[in-house]
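Two complexes follow with chain A in common, the first pairing it with chain B and the second with chain C.
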Partner chain A sequence: MTTVQTTPPPRLPVRAKAAARHRGWGGVSPMLTRLAEERATGVLVRERGTLHLAGGRVVHAESPAAPGLDVLLTARGTLDPDTWRQALTETGDRHRAGHLLADGGHLAPGALEVCRLVALYDAAYFALAPSSSPGRFRYAGDDGPGCPCPVPVAAVERETLRRRDLLHRIWPDPATDEAPLVRAHRPASPTPTARQRAVLERLDDVRTAADIARDLGRPAFHILVDLRRLAAAGVVAPRPRDPAPIPPSVPMPVPVPLPPHLPMSAPEVTDPHITLLLRLRDALEAL
Partner chain B sequence: MPGIDECLLEAMRLPGARGAALVDWTSGLALGIVGESPGDDHETAAVEAAELARLAAEQHAFAPEALATPEVPEVPGAPGAPGAPGRPEAPDGGGDPPIEDLIISNRDSYHVLRFVPTSFDSSVCLHLWLARSEGNLALARIRLGEMAERLVLR
Partner chain C sequence: MANTETALKEALASIEGATGVALVDYTSGMALGTLGGGKTFDLNVAAAGNTDVVRSKMRTMEHLGLKAQIEDILITLSDQYHLIRLISGRGGNGLFLYLVLDAKRANLAMARHQLRKIEEDLEV
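Now for the complex of A and B:
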C-alpha cells in the first residue's frame, strides 16, 4: 500500500492592498468605510455580529458565531470564571473587565492583548460576512476606552477579506462553516493533526463550527480553517438537510461533470454495493 | 509584565535585530510588528512566517505528539482556580506543539520563529529577523524563549 498523503497545506493568501486602494473602500462594507472616515463613535449592528467603533476605529467586535474574550480565557483555566464575572460586574463591559484583571495581576497584559486581538478579528470576520440585510449604526457619546487598544477599520477590513480568501483556497464549499457537521468515514482518510483531532472528537451530528469553537475555547476562524481542510480531505461533511427517501426503482444516476476547479470527491452514497465498488476503486487506485 | 509591543521592542534590543513580529500561525494575522520586515511588507512576511510555523508544527517528524504539552498547562499559583478546570476528556485537544523554535539562516540574515506556549488555546509565535553580521543566534534563542514566557505569564 502506498502511504496516504495528507492534504497539502494551502498557501496563506496575502492581502491585495493595491486592489483595495483601487476600489477606494475596504471592500467589506461601504458603510463601515464611511464611518471610519467621519471618525464615528457607536455600534455597527450587522446580521451576524456587531462592531463597536470609537473615533472611527474598532474597539470591540462581537458575533454569536465567535467565542468572546471571556470564553477564550476561561475555557482552559487561564482565568477563573468567577474572577471574570466579578470583574465584569464591576466594570460593565468585557473590554474594561480585561484591563481590570490585567491591572490586578490576575492576567498577563500580553495574554490579554493576544486574546483580545484574536477575539476582535475573529468576531469581525463574522460580523462583516456578506449579509442579506443592511447594517444599522447607532451613534454613541464619545466615551471610547482611554487606551491604545483600537484597531484601524482598514486593517480589520483587509484581514477579513484575506480570511475569506484563505478559506476559499482551502476548500471552496462554505457548507461546513455553519451547518451541523458529521464525520464521514472514508477508507483511506489522512491522519488529522492534534488540533484537528480535537475538532473531530466533538462532531456529533448536532454541533456546528461555532459550538465547537466555544467548547474548545478556540477562535472560531481557526475551527473553520481546520474544518475546510478536513472537508477537503473528505473527513467532515455538513449533515444532509433532509435525507429524502430514495424510491426503489431509481434509474442509474447520470454522472454530473464536476466543475474543473474542484478536486474529485466521493459522492454521498449509502448503498452497500456502491460503497463496495468505491472502496474497490480506491484500493485499485492506491496500488 | 509586558504587553505585545513591549515584548517586541525588547526583542529589537538584541544585537543585529532588524524586525520583530508576533504572528498567529493559523490565520497568518500579525498581532504586533516592530522594526523592518523582509521585503518591506509586514503582512506578507507575517503570512509567510505563519505558513512555515504551521507546517513545522503539524509534521510528525518535527513535532512528535508524544512530546506535546498536556491539554491543561499548569497555571502557577492560580488564585481561586483549584486544579484548573480544564477538559480532561480531550488529553490531546491541541496542547502547544513541542517545537520551541525554527531557525533559518540566510546569506545575510537569520530568522528565528519562537513558538509561544499559552495557557489558553492559541497558535502564536514570535518572529525575529536578525542581521547576520551582528546577530548572535544563541543569545537570540535564549532571549526569545524568555520573552515568549514573560509575554503570557503573570
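Now for the complex of A and C:
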C-alpha cells in the first residue's frame, strides 16, 4: 500500500497590518500596569484624558472627547439639570453629588451606577488611546474621590483593547473618530437606524464625533461605533482637507474616506464605480 | 430600587435553573455586570456576541416598519435557554439583561415573568 504524501501548501504572503502595531497588545500603558501593581493613589495624566486611581484601582476617568456623568444623566431626562447643579454645589464633587442624589431618592441607584460605569469606560477608552507623549502621574495622599465602586485596572485595559478591536472590525479607517464630518450622498444608501439617524442629522462639516456625543448626551464610543458603521456604508466621510469646487454638472459627488496610507494628493474620485472599488479594496486590505 | 449587583444576584438566586446572568450595553458590547457562568461559559464573550443578535433584530424590525418594542428574545438550545430582555428605562441607555437557563430545570414562563420584575426593580 502506498501512501501519497502531500507537502503542505506554502504559506500565503500576509500583508503586515499597519493597524496591529497600534493595537498595543500586552497592555495599553505599561505605566498604568505598574501603578496598579504598586496600588498607587493619584491622577494619571495622558495626552487625551486622565485616570484617577485609588489603591491601584480606577475610580474616575475624564477626557475632553467623552461627555461626563452629568451629561449622560441629564441629557435624556433621567435627572433634572437643576437638581444636579444643586447637588454639585452642596458636595463639590461629581461622585458625591451622584451618591447624594441616589440617597435622596432623586436618582435610582441602578441608573447612577450604570451611567457612572459607562462614563468611566468611555473616558478611559480615550485617555488610554495611543499617544505621542508619555503620561505623567501625580501621587495623592488621600484616597482621592471617595467612591465605593472602583474598577480594576485590568478590566479597564481589557475593555479598552476590546473596543479598539471592535472599531477596527467594523471599519479599519479611524479617520471618522476625530475629524470634522460630512455626509456623503450615495445612491441607494442603506437605511440608518434611529440612533444613526440622530447622528446623521448633526453632521454639518464642523462637528466631530465628540461634539455629536455631547449634543446627544450619549457616550462618545457609541458615536464612534455608529460613525464607523456609517463610514463603512459610505454614508459618512471625514471632511476633505481642501474641498475642491464641484462642477455643477456632477449631480452626486461621492467623497471617499481616504485610507491612511494614501498620500493626501490622491485625486478626489467621484465616479460611483471607482468609489465602490476603492471601498472594496480597503475592506479587503483590512481583512 | 436595586443596584446592578443586587439585581443580578436576585436573578441568579430566585430564577429556577438560572446559571448565569449579565447586564450588557448593546452598542459597545460591554458587560456592565456579570454573575455566574463559571469557567466553561464566558459571560463577557456571550455579552459581546449577543449584541449582534439584538442589533440584527432591531434592524429587521425597522426594515419591516414595526413600531413595537422588543420585550425579550429567546434562544433555545438542546440543553439551555438564553433569554435576552431589553431594558426600556427612562435613560434609554440601550441595555439588555442576558440570562442563561438550564433547560431541564427552568420554567420558561416563570423566568420571563421574574426577569421582567428584576428589570423594573433595576430602574436604569
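By our rule, the second predicted complex is superposed on the first by the 212 of 287 C-alpha atoms of A that agree within 3 Å, B and C clash if a C-alpha of one lies under 4 Å from a C-alpha of the other, contacts with A are read in each partner's own complex, and residues count from 1 in each chain.
Basically, a contact is a pair of C-beta atoms (placed from the backbone, for glycine too) under 8 Å apart; a residue touches a chain by one contact, two chains touch by 3 or more.
Note that the structure is predicted; figures quoted are calculated from it, not measured.
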Combined model on chain A where chain B meets chain C, clash or fit: clash
Touched partner set for A:Gly92, first chain B, second chain C, both or neither: neither
Touching partner for A:Pro134 - first (chain B), second (chain C), both, neither: neither
Partner chain in contact with A:Tyr121 - chain B first, chain C second, else both or neither: both
Which superposed partner A:Gly77 touches (first chain B, second chain C, both, neither): both
First (chain B), second (chain C), both or neither touched by A:Ala194: both
Touching partner for A:Leu216 - first (chain B), second (chain C), both, neither: first
If touched residues of chain A are counted for chain B and for chain C, the larger one: B
Shared chain A contacts, counted only where both chain B and chain C touch the same residue: 72-73, 76-78, 108-111, 113-115, 117-118, 121, 159, 162-163, 166, 191, 193-195, 219, 221-222, 225
Interface residues, chain A side, partner chain C - complex: 72-73, 76-78, 108-111, 113-115, 117-118, 121, 159, 162-163, 166, 191, 193-195, 219, 221-222, 225-226
Interfacial residue positions of chain A with respect to chain B in the complex: 9, 11-15, 17, 72-73, 75-80, 82-83, 105-111, 113-115, 117-118, 121, 158-159, 162-163, 166, 191, 193-195, 197-198, 201, 216-219, 221-222, 225
Chain A contact footprint on chain C (complex, rising order): 1-4, 7, 23, 25, 27-30, 32, 48, 58-59, 62-63, 89-95, 122-124
Chain A contact footprint on chain B (complex, rising order): 1-4, 7, 22, 24, 26-29, 31, 43-44, 47-48, 50-51, 54-55, 58, 60, 65, 68, 71-72, 75, 78-81, 84-87, 90, 92-95, 97, 118-124, 150-154
